[in-house]
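Here the chain labels run A, B, C and D in written order, and each chain numbers its own residues starting at 1.
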Amino acid sequence: MTHSNSLPRGGVIPPDSSLISREAPIANAAVPSVAVIPMLQHAGRAAVCVVKPGDLVREGMLIGRADGAHSANVHSSIPGRVVEVRRLALQEGISSDAVVIELGGEFDRSGRPRTLKGWEKLSRIDLLGKIQSAGVVGLGGELVPTHLKLAVMPGKSASLLVANGIDCEPSLSADYALMREKPGEIVEALRICQVLVGAARVVLALGEDAEGLVPEFERALARTGLQCEIALMPSRYPQGNEQLVVSSLDGTRLSGPHAGSVVLNVATLFAVYEAVVMDAPLIERVLTVTGAPVAAPRNLKVRLGTPVRDLFDDCGGLSARPGKIVVGGPMRGVAIASLDIPVTKGTAGVTAFAGAEARTPKEWPCIHCGVCVEVCPWDLVPTRLHKLIQQGEIEQAMGEGLGRCTECGCCAFACPSHIPLVDILRTGKRSRGRTVDG
Amino acid sequence: MAETSVSPAPGGLTLSPAPHLGAPMSTARMTWLVSLSLVPAAVWGGVLFGLPAVRVIVTSICVAVAAELASSALFRRFTLADGSAFLTGLLVGLLMPAGVPLYVPAAAAAFGILVVKQSFGGLGRNWMNPALGGVVFALLSWSSAMTRWAAVGDASVSTAVVPPLEALRPALSAPGAVGRPLEILSTHGYFFSTMDGRIVSWLNSHILSLFHASLPGGSYDILVGYVPGRIGEVSAPLLLLGAAFLLSRRIVRWQVPVSYVATFALLAWVFGGFAGGQGWFSGGPLFHVLSGSLILGAFFMAGDPVTSPLASTGKWIYGIGLGLLTFLLRFYGSLGDGVAVSIVLGNCAVPLIDKLVQQHAPARAREGIG
Amino acid sequence: MSWVGLILVFSLVDNVILSRLLGISPRAAGEKNARAALWLGVSTAVLMGVSALAGWAIDTMVLEPLRLGFLRTPAFVLSVAGLAYLLEAMAVRISPLLVRTSGFSLSGVALNCATLGIVLLTTRGSYTAAESLIAGLAAGSGFMLVRALMTAISERLEIERIPRAFRGFPLELISAGLMAYAFMAFDRAFLARMLGG
Amino acid sequence: MTPSDVLSRGIARDNPTAVLLVGLCPAAAVSVRVIDSLWMSAGIFAVMLLSSFCMTLLARGRTNGGEMTPRAAAGGWLAALVISSFLTASFELVLLRAAPEASAALGIYAPLIAVNCLVLTVIDETSRAPSPGRALLDAAGKGAVFAACLLLIGVLRETLGAGTMTLFPLPGFSGTIEIGSLSQDPARAISFAGGGLLCLGYLAALARMVKERRP
């Protein structure tokens, strides 16, 4: 069962700057000698640190306990000794405590034979508990604890369960690489989730460029007997967005969060598999290291807490002095000031830009060309919104839909006047006060 | 401009907001490319009408640039680099007849830049096309000077000095004028080039006779643009060449020009025949599309992003409205060929069109929730 | 002149704002509300139509027979003010909320000036009662059409960065001037050709 | 709603520049010739001052310092309209006698003086003012500014739009000055209604600039 669905409207096709061979195997990144593990790697409040300097920690040991509904557990990704707990600036305006661990001692898991645990006999509560305690959060970017998404009200069931295999950014291919290497595991995790939510319809959504993976998945599905459609979607950014995937599948217009549908990124599903079947906490993830200055861009499996600096060493180093380093992809990634920023659960990729690419182009006046209106997937009028915000008319802008903006970056990408529309819209949203979690 | 958080980090890394990719095209480049794509038509006009035409174009460009510089000094911001003043000057020049006294293009360019554009804060903020605003000002002020045509070819034949479209109106009111526009012109002694005579008669006798069809005299001249007229409007093929370039680079969107020309041609075909003493469906759509400044106006001025609607629904409404207005004003109006003034009229309605189309958009989004 | 001609002359050719310069005032904030704007438009057209009719009645039935022509101005001024007051009172009855929240008003000075202008034009033009009514209604529609266009333009300009000296009323006037030039395409010769041929 | 709110609704009373400009709009319609601007200014000036004077007399008899009741305000408003319209009618008659040609040129704009924004606002202000003498002086000042603005617009529009200056005809002088070659090919568009609106717009911008320079 394979069918194509198009983006309801808008979207852009950015130049594919992924310089990596998507087909190359995922390489294991070197274990960092010092891991810096922030307590804030998820949507809610930062986890409460449960270790202190001098403590010895084992690989996969709990070092931060979830604090509140949207918070998640944090585990040590390496064995060793806690050197210090310090404040770390993650990005503009956001900082959290981070545990600094110096590598030492033995690995409990890595390199040891792994035992599969049967999960069919476990209760829903046990399954959700395993996922929760492993600190699994949505790895596609939203970083909401996964057990919350899977906790369907008793007696109810979801209408739609989607395994989202579309990479969230144009030049990242970590999700693709994971799907190529672990189709069985992903399907198994999908089965677990289906047991939990009991959806009427289960769909595996793939990008058009991943058509080659369809036979492999069909075999895996046949083995397990899971009733699941495979849907191919156009590779137009931001097709990987959760709401867009759902509305493409439903054929409905865009609206707020879809009640009754559960969308899980394939990396998240793999983490669910590890948590349930392997009893392993989330301490590593696959990410893409790319960009012109990177000598050998590739997909890496990286332990959380590894500094970005180390990743480049695993990719043959930097061939040129980069002008800008971005955590994430080119459309939504956050530029970082220092290479010491660690990899966290949300890091789907690291992109380096050469000096010339990093220069911000000259800004011209808005000429009302309407390209931003054309590309906005959310039916907004970014040119009007940004002018309203600059005039201080935030309420008016909210009335015209500012709240629906997901900062996907299409408008600013397409703007011929190079107006930083997303930045202005984001400022407008922030100035209206922080939105309440949940 | 907007306060963006672009700053070099201590390690020499740039910190700028996402997205980190951008459009390769820039607004200034787009504007200069529009000017570039007008060059072939401008050169044709220069060759056809000689030195007077060059003088008109140079005057209007110089005045436009000077006016832009003056307002730059007043508002303390340098805006010449965006190319819009040059383009306005060029368009004003192209919309003038070659024989016009030079103060007319000068006044039109100055009015366009200072009143129509800079009073509103410069490029992107004006709601009326500066070049057309200037031209309409000139049309209203100096209507007779705006019809001082320059001769093409054999200047001793008086009719060769008037553009076909202008010659058509008196010819139509003469008794016994029946037929398609070019036929009426021929029977009233309108002068076409000898080249035209040779090519059309060869085509008629060698090829079209096989299909029992014939072309009226003047077809070749009209198509190639070997006729009197405003400097930039005469050569339809060269204008279309420039337009094709702009469309292919997505500098001009196709919706407005295409719906504009199509609506106009349809109306001219259906109703245009009445003026020639005939009934329905007998107008000369091709003649009317190729004569006057319709193509120049549709692609280079109606397609101007600043003064056309944002969304594509609005663009269609705008284009169809322009076609209707141009039809009415060309067949019944008094201001030239009706193109300049109908686009200016259309400009007046653009903010309202945008408002109505946008008021529609949130309603659509609400449908999804409900 | 035919009915169509009469309507076109009073709505487009001799537009109250663009060619008579009547009824111009800085935009009222209430007009942002689309429904209020529509209401105001309809009632303005009605006010102008009824006033023109009343003006005709006063002129031909009272002032002419009694040879009181010199009293025209006071009579018209008072009748327009009275009618505006009446219509507004009716609007308050029909939809009190709309009137209160939107700044809906039929008795503004500029509007009264425009209405009086219409009355003067129709009575001087020696039209019949029906023609006066139609002319008034047409003038009112033309007034509101231009008002709607200008409102949309100034709403677009409102959010732009514009030199401070020009913000607001000055640009509304300049925009109206440019629009007046554009509307000169609809002249009497155009009407004559279109309706005659 | 009391009729005294009428003015505050139509136009902000505390913004004299806006009142002046809104009042100028209908007046500018006749500013095609300098002479017409002069007659129009004269009409506005006379009607405004005389009706203000009448109103102060009336108001003095009626309100003895206390707050005006809505009914009194309504009566005052009606009185203002009656007075200004009768004075306007008188001005029309005078104009018809003194300068029939100007009367024709002013057309419907002469009776419109009765409901001119500036005239009504000034009448309203003077009838409320504690010291009528001062208010009348104030009104005269406003009338002078109005006349100057209208004259400026008239001169601009006639010189640029027609290349002439039309003044009073005197013995040995036709009343019209032709300005060099400009009268051959004037920018006729400036003498159209649109030109009047543009002049008003730039005048408004100029007024804003002057006001901001001098806080």
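Points to keep in mind about this one:
Following the convention adopted for this analysis, a contact is a pair of C-beta atoms (placed from the backbone, for glycine too) under 8 Å apart; a residue touches a chain by one contact, two chains touch by 3 or more.
If you're wondering where the values come from, they're calculated on a predicted model, not measured in any experiment.
The interface holding more C-beta pairs in contact, when B-C is weighed against A-C, is B-C.
The most distant chain from chain C is A, comparing centres defined as mean Cα coordinates.
When chain centres are taken as C-alpha averages, the shortest distance to the whole-protein C-alpha average belongs to B. Look at where the CA atoms of chain B average out and do the same for chain C: the two points lie 34 Å apart. If you average the CA atoms of chain A and of chain C, the two centres end up 60 Å from each other. Measuring from the averaged C-alpha position of chain A to that of chain B gives a distance of 50 Å.
Rounded to whole angstrom, the centroid-to-centroid distance between chain B and chain D, based on C-alpha atoms, equals 43 Å. Residue positions of chain D touching 2 or more other chains, listed in rising order: 189, 192, 198, 201, 205. Contact of a single residue of chain B with at least two other chains is seen at positions 115, 119, 124-125, 137, 140. Listed for chain C are residues 160-161, 166, 171, 174-175, 178-179, 181, 184, each touching two or more other chains. Interchain contacts give a graph that is no line, ring or star and is not complete, per the touch definition above.
The full set of touching chain pairs reads A-B, A-C, B-C, B-D, C-D. On the side of chain B, the complex with chain A involves touching residues 1-2, 4-6, 9-23, 25-28, 30, 82, 122-125, 253, 305-312, 315, 358, 361-362, 364-365, 367-369.
Looking at the complex, you find that chain B touches chain C at residues 75, 115-116, 119-121, 124-125, 127-128, 133, 136-137, 140, 274-275, 328-329, 331-335, 338, 341-342, 344-345, 347-349, 351-352, 354-355, 359. Listing the residues of chain C that touch chain D in their complex gives 18-22, 24-26, 70-74, 76-78, 80-81, 85, 88, 92, 103, 105, 107-113, 116-117, 120-121, 124, 164-166, 169-181, 184. Chain D meets chain C in the complex at residues 1, 3, 6-7, 9-11, 18, 21-22, 25-26, 28-29, 81-82, 84-86, 88-89, 92-93, 108, 111-112, 114-117, 120-121, 189, 192-198, 200-202, 204-206, 208-209, 212. Against chain D, in their complex, chain B makes its touches with residues 101, 103, 107, 115, 119, 137, 140-142, 145.
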